[in-house]
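Note that chain A is present in both complexes that follow, paired respectively with chain B and with chain C.
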Partner chain A sequence: MNLERMPNEEKLSLCRRYYLGGFAFLPFLWLVNVLWFFKEAFLKPAYTEQPQIKSYIKKSAMGLILWVAVLTTWITIFQHFRARWGEVGDYLSFTIPLGTA
Partner chain B sequence: MCLLQLWAFGFCHLLFMNTSDSEEDSYNERSALVQCESPTIPSYNQDHDMSLPQETDTKRRRPVSSGLDEPGPVERERASTPDGEEEELTLKYGAKHVIMLFIPVTLCMVVVVATIKSVSFYTEKTSQRLIYTPFEEDPNSVGQRLLNSILNTMVMISVIVVMTIILVVLYKYRCYKFIHGWLILSSLMLLFWFSFMYLGEVFKTYNVAMDYPTLVMIIWNFGVVGMICIHWKGPLRLQQAYLIVISALMALIFIKYLPEWSAWVILGAISIYDLIAVLCPKGPLRMLVETAQERNEPIFPALIYSSAMVWMVGMADSSNPDSGELHFTSCHMLKCLLVDFLTGGVKLGLGDFIFYSVLVGKAATTGGDWNTTLACFVAILIGLCLTLLLLAIFKKALPALPISITFGLVFYFSTDNLVRPFMDSLAAHQYYI
Partner chain C sequence: MCVSAAAGVCSSSVEKKIYVELNETVPCVRLLNATHQIGCQSSMSGDTGVLHVLESESDLDWILSSGPHPPYIVIMETAFFNRSVMMRMKSSSRVAGVAVIVSKTGLADNFSPHTTCPNQNTGVYSASYGSDLANCNVTVWNPLGNGLSYEDFAFPVFALKDENQTQVIRKCYEDHNLRVNGSTPQYPLCAMQLFSHMHAVTDTVTCMRRTDLQNRFSINPEVLCDPLSDFNVWTSTRPLNSSAKGHAANESVVLAATRLDGRSFFWEQAPAAEGTVSGIVTLLAAIQALSPVTQEAPPPRNIFFTFFQGEAFDYIGSSKMVYDMEKNDFVIDLNNVHSMLEIGQVGLRSGQSLWMHSDPVSRKNDSVNEEVLDLMRRMQSAAAGLNVSLGHPLFTQPLPPSSLQRFLRARPIPGLVLADHQTLFNNRYYESMYDDAENLNVTYPPDLNPDEQLVYETDAAKSLAEVATLVARSLYLQAGGEEKSLSNITADPKIVSHVTNTHTRTLGVAVLLLSLLVTYFISSKAELLFSSACETPTTAY
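Entry: the complex of A and B
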C-alpha cells in the first residue's frame, strides 16, 4: 500500500480502522498505525483530514505506551517471582528453563 | 488436510515483471505523470492491454514462473531512444530488479539457515512424516532408499499436480470464494500455528521462561497484524517482511518433515514440473495465466512478494477492476524514461522463496560446514540472475525454479563430495591456498 497514492479520505479511514482494531488487544497494530501515519500526520503540509489523523495517531500512541507498560510490568513480575510461585508458576509457564531453581 | 492446504499454499507462485511504482519513485512519478500526459495518450490502449495481464498476476498459487508482463516501457524505449541508450536503460531496469529480489531471497535464506544452525528441533529426525511422503527411508539399503525416495517424490508431485488442476478448475468456474477461503485458512495456519511452534522451540533452545499470557499476546498480535497486512491493506515493508517470515516458516517445516533423500529428489522433480507446467501449452499454470489474462481481472489477494507494491494487488478482491484505476496504473507504467523509469516491481511467488530456502537449509543441515551452505546460496542467486535475464529477453511467464535449483543441486553435491574433502585434507596438511 502506498500512502502517497491514496486520497485523503481513504487515509483517514485506514488510520481510523487501524486505531479501532487496536482495541482488540493489538498494541502491535497501534504501533504500525503510529509508524505508518507519522509522516502523514506531522510532517506533511496541512490538509483537511490531517487533524483527525493526528488525533488518531496520538491516541494510538497513548494506547501503545499503556500496553507496553502493562506488559513490561507483568513480564518483570513473572520472571522474578516465577520460581517462588511454585505450582502456579509452572501452570502459567509455557517453557520452563532447565537447570535453574 | 491442513498440510495439504499448506503445501498448495506454499507451492504455487508466480514471478512477473510488473511496472508498478516503488515508493521512492513517487515524487518522480508525479512529475513524470505530468510530463508524460500527452505523449502517452496515443499509446494508451496498447499499454492498457499490456497492463491488464499484470493485474491478474496477483495470483500467487502458480508454480514458479517468471514473466515480464509489461513490455510497454521497454518498447517505448526503443521507439524514442537510440540503441545504446535503450540497452543501457534495459539493463538498468533489469539490474535494479535483480537487486530488489536478492534482498528478500537472501533474508529468507538467512532466517532459515540461522534457525537451522541454532535451534536443533528442525534438524532432529522424527519418525513423523508428512502423509505425502509415506514411504520410509531405510538407511541400511541404498537401493531401497533410492526407490522409496523416488516413490515419495512421485506421490508428492502427483499431489501437487492434482492441487494445481483443482485450482485451475476452481478458477475457471469462478469459485473465487472457495479459493479465497482456502488462502485465508492456509495463511491463518502459517501465521498462528507454525509461528507458535517456532517460538516455542526458540524459547526452549535459549532456555527462556515464557508464560502463557505473554505468549498468547505475542502470537495473537503477530498473527492478526500479519493477516491484515497480507490480505488487506498494510505498509509495504511490513507485508514483505511477513511474506519472508511465512516462507521461512514453511521452508523449515519442509526441512524437518521431508526425509533426507526424498527432499533432494523432490527439489529436482519440482523444478522439472515447474518447467513443464509453465512452458507447455497445455500446462495448468499456463492455462491459468491465460484465463486470467482473458478475463482481465485481478484475482485474489496476492501472496506474491512484490518488490514494489502495486495498489492493484491491494484491491485484488474486486472482480471488476475499476477502469479509473486501470488508467491510473497504465499512466504509471507509461512513465517517461527520462525520469527514473524503474516503476517496475518484480513479483516473485512464495513457493520460490520456500524452495530456495529448503535447498539452502538442507545444505546447512547435512553439510558439515559453511562451504556447502555458501556455495548453494551463491548458486541460487546466480540462477536467479539468469532467470531474470531470460525474463528480460523473453518477456513472458518463465519458471524461476529450474535454473536456480539445478545450480543449487549441482553446487551442493559437488561441494559436499569434492570440495569439502579437498579443503579438509588441505587443512589437515596445513596447506593454504
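Entry: the complex of A and C
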C-alpha cells in the first residue's frame, strides 16, 4: 500500500485501525504503525488529519515502549532464574534444555 | 588444531582423515539422587582441547596456569589420578576433559574413590540411634577413600583401557605438543575430543518431573535418565509360597545375606572382587554345602538366603526388602525373621582371623543381647576344626556398612556381620576398578591355560571355602540343627574356585532395582574421539 496515493481520510482510518488493533496484545501492530506513519505524522507539511495521526503515533509509540520493557524484563528474569525455580520453572517452559540445569 | 565436531560413528572419509576414533574407553557418567548430582558431564557436541600428558608437577602447572593453548585435555597416568589433582582441575577453567590411562604400573598401594564412611546417612546410626556412633565417629571404615566418585565434575572424564591406542596418543603428543628445550609448541597441535553428554541434571526429582513432562507433552519424548533398578535374589532351604504375601504362619527364619553389586568411578568397571565377590562366592558355596544336610536332617527353622542388589547406593536392595516386609508385600515379614547373618568382605583375612561385627545399641536390650551371644557361640562351635579363628571387635564399635543396618532400622533383629577386618577395611581398593582378582591374591601357577585356571584351586579359593564351611555350619546350628550333622557340611573348594574365577572376570556393575524405591538416576551416551594435527591451515583458531 502506497501512502502517497491514499487520500488523507483513508490514511487516518488506517492509522486508527492499527492503533486499535494493537490493544489486542499485538504490539507489532504498534511498531508497524509508528514506523509506517512516522513520516506522515511529523515530517510532512500539515494537513487536516495530521494532528490526529500524530496523536495515534505517539500513543502507539508509548504502548510499544511499555511492551518492550515488560517483555525484556520478563525474558531476562526467566532466562536467569528458570533453573532456580525448579518445578515452577519446568511447568512454565515449553522446551527444557538437556544436560544443563 | 582441527575443531570439527564429530558425532556418533565416524562415517565420512573426511572425518576419518581428521579423527582417530578410540575404542575401549569408559566414561564417568552422571548419577543423581534425591538432592544432588554427581559424576561427569561434557558439552552437547563434545569437549575439545589440546592434548597434554600429565607426568609430573611441572605438567600440572603448564595445564593450570602457564600453557598458552587452553583448554587442555589431560591424559593422566594412573599415579596422578588422585583427589588433589582432580580437585585442582575441577576448579580450573583451562581443563576441557581428562582421560585416565588405566594400568597397574605406577598404581599407588591404595585407591578408593568411594567415601570414607560409606552410606553414612542411610544406615541405622543417626542422631536418634547411637548418635555417638553415627558418621563414623568411632570407626572410619574406609579411611583411604578420596570421595572422587561423589564429586560433580563439569568436564568429561574417560578411562583409556587399550594399551595400543594409548601409545598412539602418546606418539601424537610427543610429535606435536611436546615442549622442546623450553620453547612453546606451536600450532598445528594434537587435540582430543571427549563426548559424553548427559541428559540428567540437578537431582532425581527434577529428572522424573521432566521425564513426565516429556512423556505427556512431547511428540518425540527424550529419555532423560534411567532408574537404577534391578532385582534382589532370594531362596530358602524350605520352600516358601512366593505368591502368599505378608506374615508366613509358623515360619521362623534365619536370614543369610550378602550384597550383589559393586561400583567404581567409571561406568561398569567394577570387578569388586574383595568388596562383593568374596561374599557372593562364600554364600553360594554355603548354600551348596547345606543342600544335602537340609534334605536329610532339616533344621526346625528355615534358612533364607538373599543377595541384595544396589547396596552401594544407599542400600537400594535391602531397604526395598525391608519396605516390602513392612508393607506385607513379601513372602515373609519382619516378625518371621529370627536372626540375621550377613557376609561382608571376607576375602582378605590376615592369618586365620574372621570378625563378627554386631550392633551395640540393639544389644543394650537383654533379650537381643542373649540372641546375639547365642549366635556368636554357635559360630565359635562351628569354627572348631576349621582354619578360622573368630573374633569379636570391641563391644562399643558400630556395625560396618551392611544390609543388616537397614533391618535394624525397622526392628532390633539379632544379627552379625562377618568380615575379615576388625576396624577399617582390609580392602585398599574399595569400590574401585582395581578391586580385582589380583587384589584377592588369586594367583595361578604360570603354566596353566585359561581352562585349567578356571578349575584350579587357588589359595584364595581355599580360604573362601573355609569361610563358606563356617557360614554353612553356623547357619545350620542357628536354624536349630544338631551338632552331630555338622561334619557333613563342607564347602567344596572346587566350586568356590570355579565361581570365584568366573565372577572376578565377569562381574560388572549396574545397580538397579524394582520401581518403588528409585533413588538414583543415570544417563549415558558416550563416545570418545581423537583428532590429530591438521596439515592444512584451514583450521578454526
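In this section, the second predicted complex is superposed on the first by the 101 of 101 C-alpha atoms of A that agree within 3 Å, B and C clash if a C-alpha of one lies under 4 Å from a C-alpha of the other, contacts with A are read in each partner's own complex, and residues count from 1 in each chain.
Methods note: a residue touches a chain if its C-beta (ideal position, glycine included) is under 8 Å from a C-beta of that chain, and two chains touch if they have at least 3 such contacts.
This one's a predicted model, so the numbers in the text were calculated from it and none came from an experiment.
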{"item": "Chain A as common anchor, with chain B and chain C clashing or fitting", "value": "fit"}
{"item": "Partner chain(s) touched by A:99 [first = chain B, second = chain C, both, neither]", "value": "both"}
{"item": "Partner chain(s) touched by A:7 [first = chain B, second = chain C, both, neither]", "value": "neither"}
{"item": "Touched partner set for A:74, first chain B, second chain C, both or neither", "value": "first"}
{"item": "Of chain C and chain B, partner touching more chain A residues", "value": "B"}
{"item": "Contacts of A:90 with chain B and chain C, given as first, second, both or neither", "value": "second"}
{"item": "Partner chain in contact with A:36 - chain B first, chain C second, else both or neither", "value": "first"}
{"item": "Touched partner set for A:45, first chain B, second chain C, both or neither", "value": "neither"}
{"item": "First, second, both or neither for A:24, with chain B first and chain C second", "value": "first"}
{"item": "Where chain B and chain C come nearest after superposition, their Cα distance in Å", "value": "10"}
{"item": "Chain B and chain C footprints on chain A, overlapping residues", "value": "96, 98-99"}
{"item": "Chain A to chain C touching residues, read off their complex", "value": "83, 86-87, 90-91, 96, 98-101"}
{"item": "Touching residues (chain side chain C, partner chain A) in the complex", "value": "41, 44, 197-199, 201-202, 206, 209-210, 213, 222, 224"}
{"item": "Touching residues on chain A, where the partner in the complex is chain B", "value": "1-2, 4-6, 14, 21, 24-29, 32, 35-36, 71, 74-75, 78-79, 82, 92-99"}
{"item": "Contact set on chain B toward chain A in their complex", "value": "21, 23, 26, 200, 203-204, 207-215, 217, 220-222, 224-225, 228, 233-236, 238-239, 309, 311, 314, 328"}
